[in-house]
Amino acid sequence: MIYITRRERFSAAHKLYREDWSQEQNEAVFGNCSNPNWHGHNYELFVTVKGEVNPETGFLIDLKRMKSIILEHVIHKLDHKNINLDVDFMSGKKASTEIIAIEIFRVLKPHFDQESVQLHAVKLYETENNFVEYFGE
Amino acid sequence: MIYITRRERFSAAHKLYREDWSQEQNEAVFGNCSNPNWHGHNYELFVTVKGEVNPETGFLIDLKRMKSIILEHVIHKLDHKNINLDVDFMSGKKASTEIIAIEIFRVLKPHFDQESVQLHAVKLYETENNFVEYFGE
Amino acid sequence: MIYITRRERFSAAHKLYREDWSQEQNEAVFGNCSNPNWHGHNYELFVTVKGEVNPETGFLIDLKRMKSIILEHVIHKLDHKNINLDVDFMSGKKASTEIIAIEIFRVLKPHFDQESVQLHAVKLYETENNFVEYFGE
Amino acid sequence: MIYITRRERFSAAHKLYREDWSQEQNEAVFGNCSNPNWHGHNYELFVTVKGEVNPETGFLIDLKRMKSIILEHVIHKLDHKNINLDVDFMSGKKASTEIIAIEIFRVLKPHFDQESVQLHAVKLYETENNFVEYFGE
Amino acid sequence: MIYITRRERFSAAHKLYREDWSQEQNEAVFGNCSNPNWHGHNYELFVTVKGEVNPETGFLIDLKRMKSIILEHVIHKLDHKNINLDVDFMSGKKASTEIIAIEIFRVLKPHFDQESVQLHAVKLYETENNFVEYFGE
Amino acid sequence: MIYITRRERFSAAHKLYREDWSQEQNEAVFGNCSNPNWHGHNYELFVTVKGEVNPETGFLIDLKRMKSIILEHVIHKLDHKNINLDVDFMSGKKASTEIIAIEIFRVLKPHFDQESVQLHAVKLYETENNFVEYFGE
């Protein structure tokens, strides 16, 4: 069993807020992350898959294939976008790093299943000081 | 003559666009940076001052003082904000990395003059692959 | 189950030595880490907690709360200090990276228990080339 | 149980290809990694061992000893070498990051067993965007 | 006058040697960099241009244009190649980091002249510990 | 004219204080950097030399020679030491980053003069957020 991780990045706007709360409530819970005019981040995404090495190639999975799956289904939907407003798989969900990581895992899992490798983890950095990991359970 | 550099960071939303252009024109020139719903970045700011070492202290400038100047006049105005909408010193200006760096230099210069050190450079990273430097001339 | 990690840093002096050993014995075992006049490091600390996302907020734990727990109980006691002489929770213990990481875990665990999240791991870098991880067991 | 990780680096040439395939087949599967004249990387290697802290020293293992094991058995054989042509433990094997990581694990395991610590993981970066992990099973 | 820097990367094989010297002479001068079977690096390239900000756009130069110039004329020729054997602008030249940086500057200069910006510097990292800068004079 | 930079690192203890001042005065000026029991850092040192490329070798200076000069005259004197107490070239001087950088420049300059290259700059990081540069004038 070998694990391969690919790093990709996206730059996006978001805010943390609930429409059913007043701005005062949102500020009390979400602080400056609730700024009505949005803020943004350079997110850093690490996707890890696992499985057996193919003895024909020495590969677990072709990294070009792995990259294209992540770009098509995740990065192209998030990069230079507003996470709250523009991203289909985040519609109606809170744009916290926790939820974004969980939803990226859900989006990617079936595509790696088709490649006969197992999606092991999604790790998402919001800043150099904060990151979230989700293992699918 | 010695040079001291302090790094600070801010996370902000912005877009590149001109209100006097159509969305098609904006997209043609600014690409996905013109997304109407904004995007954002973790900006990394390096401020460099220069001058003579004070023989009493061995310091060019107290780094706590240098940090508080940058936080008060730049970081607190930009962090978790929308650069196009929320920042007084960017009002009416394009939110390109070039212009942001130039305006940060203009904002900081008089405050370092008062401390008897010379503002030498502002270096601003938009992503890990792109940065701008401005030396005041 | 989601995992969140927060990075904090502290700069401290220490040495590796046993008072019941001669300086020769200390040098033989601890090498230049036993320099009687101390040396020091910029330590980099990664604290990981795990638990369920709160559906009200989309958070596992408010990162400002997580940060303040780490600062109050760990960073403020270690930063700009001598680990052998100045730190209550290291009193009478060897100041190896292994022991520092274990003691930080012990100090932090009850405070995260009170927040209803589980302390998962403490990862401590002594230099860019060496780090230690402790998972509480 | 405590985990210690040591980072080392090596710069090496390699290519991905099968001698029993035509150059066209090699290009179809391995892309530009099959360039007949080779290419190369600055590999970054993280070796993790685990075990109990020795109460005499506060150490799991002396990091100088850990470093010398990695240098003697791995780095000195790979650094400034051609992985396909010059490295005994890679002879007859494909020079993919996956296989290199697995073989480094096999080479190192008995040497750490002799030190009474357990080799836990080998993590190998080929570029800043791609890395592989192997845990020995 | 504003300065913009773009980072790009390439992975390549090379060796340092002179064909008019014996292998012993090559080893005496170039050490393990003269390994006959090559070695390689992940090179990190920083290209800096300077000029006036265009008031129409807030740009010195469109970064997508800057990127495509560097990719077309430099990266695509060096990435996953053998610098000594495969690269037209390095033909007959020593593959030291110094010479590679100077030749990249020469290759890029006319292309930035056509864009009405001035090529200021080429900075080339061979490893995380060594880099070279060339300013064209 | 080409510029080459070599990075080296050292871990050391220090404090900022004046013996002719009371502890209260020292704290007022130097803050927690005046802790009587010392603190410490992982310092990161970048040494830059400049000159003409030797057409015989393609080198400005052999990097192994450059490294051995820096190790012998600077790193071996500072690493795992107390900068205030153990380092000959810092004797009687304040251990601020500014002064350490200036003294490193003074120590290194004659050794590079002997190699027929010119010492251009010393850049010294105290933390990831603070660094000092000295150009010898």
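Couple of notes before you dig in:
Going in written order, the chains are labelled A, B, C, D, E and F, and every chain counts its residues from 1.
The rule we apply is simple: a residue touches a chain if its C-beta (ideal position, glycine included) is under 8 Å from a C-beta of that chain, and two chains touch if they have at least 3 such contacts.
Computed from a predicted structure; not experimentally measured.
Any chain bridging subunit B and subunit C, meaning touching each of them, is among A, F; the list is complete. Shared contact partners of subunit B and subunit F, listed by label: E. Distance between subunit A and subunit F, defined via averaged C-alpha coordinates, is recorded as 42 Å. In terms of their C-alpha centroids, the spacing between subunit C and subunit D amounts to 29 Å. Among all residues of subunit C, those that touch two or more other chains are 128.
Chains touching one another form the pairs A-B, A-C, A-D, B-E, B-F, C-D, C-F, D-E, E-F. Those residues of subunit B that touch subunit A in the shared complex are 9, 11-14, 32-33, 35, 37-42, 79-82, 85-86, 127-128.
Contact residues on subunit F toward subunit E in their complex (touch as defined above): 1-8, 48, 53, 57-60, 62-64.
Listing the residues of subunit D that touch subunit A in their complex gives 16, 29-31, 93-99, 101-102, 128-135, 137.
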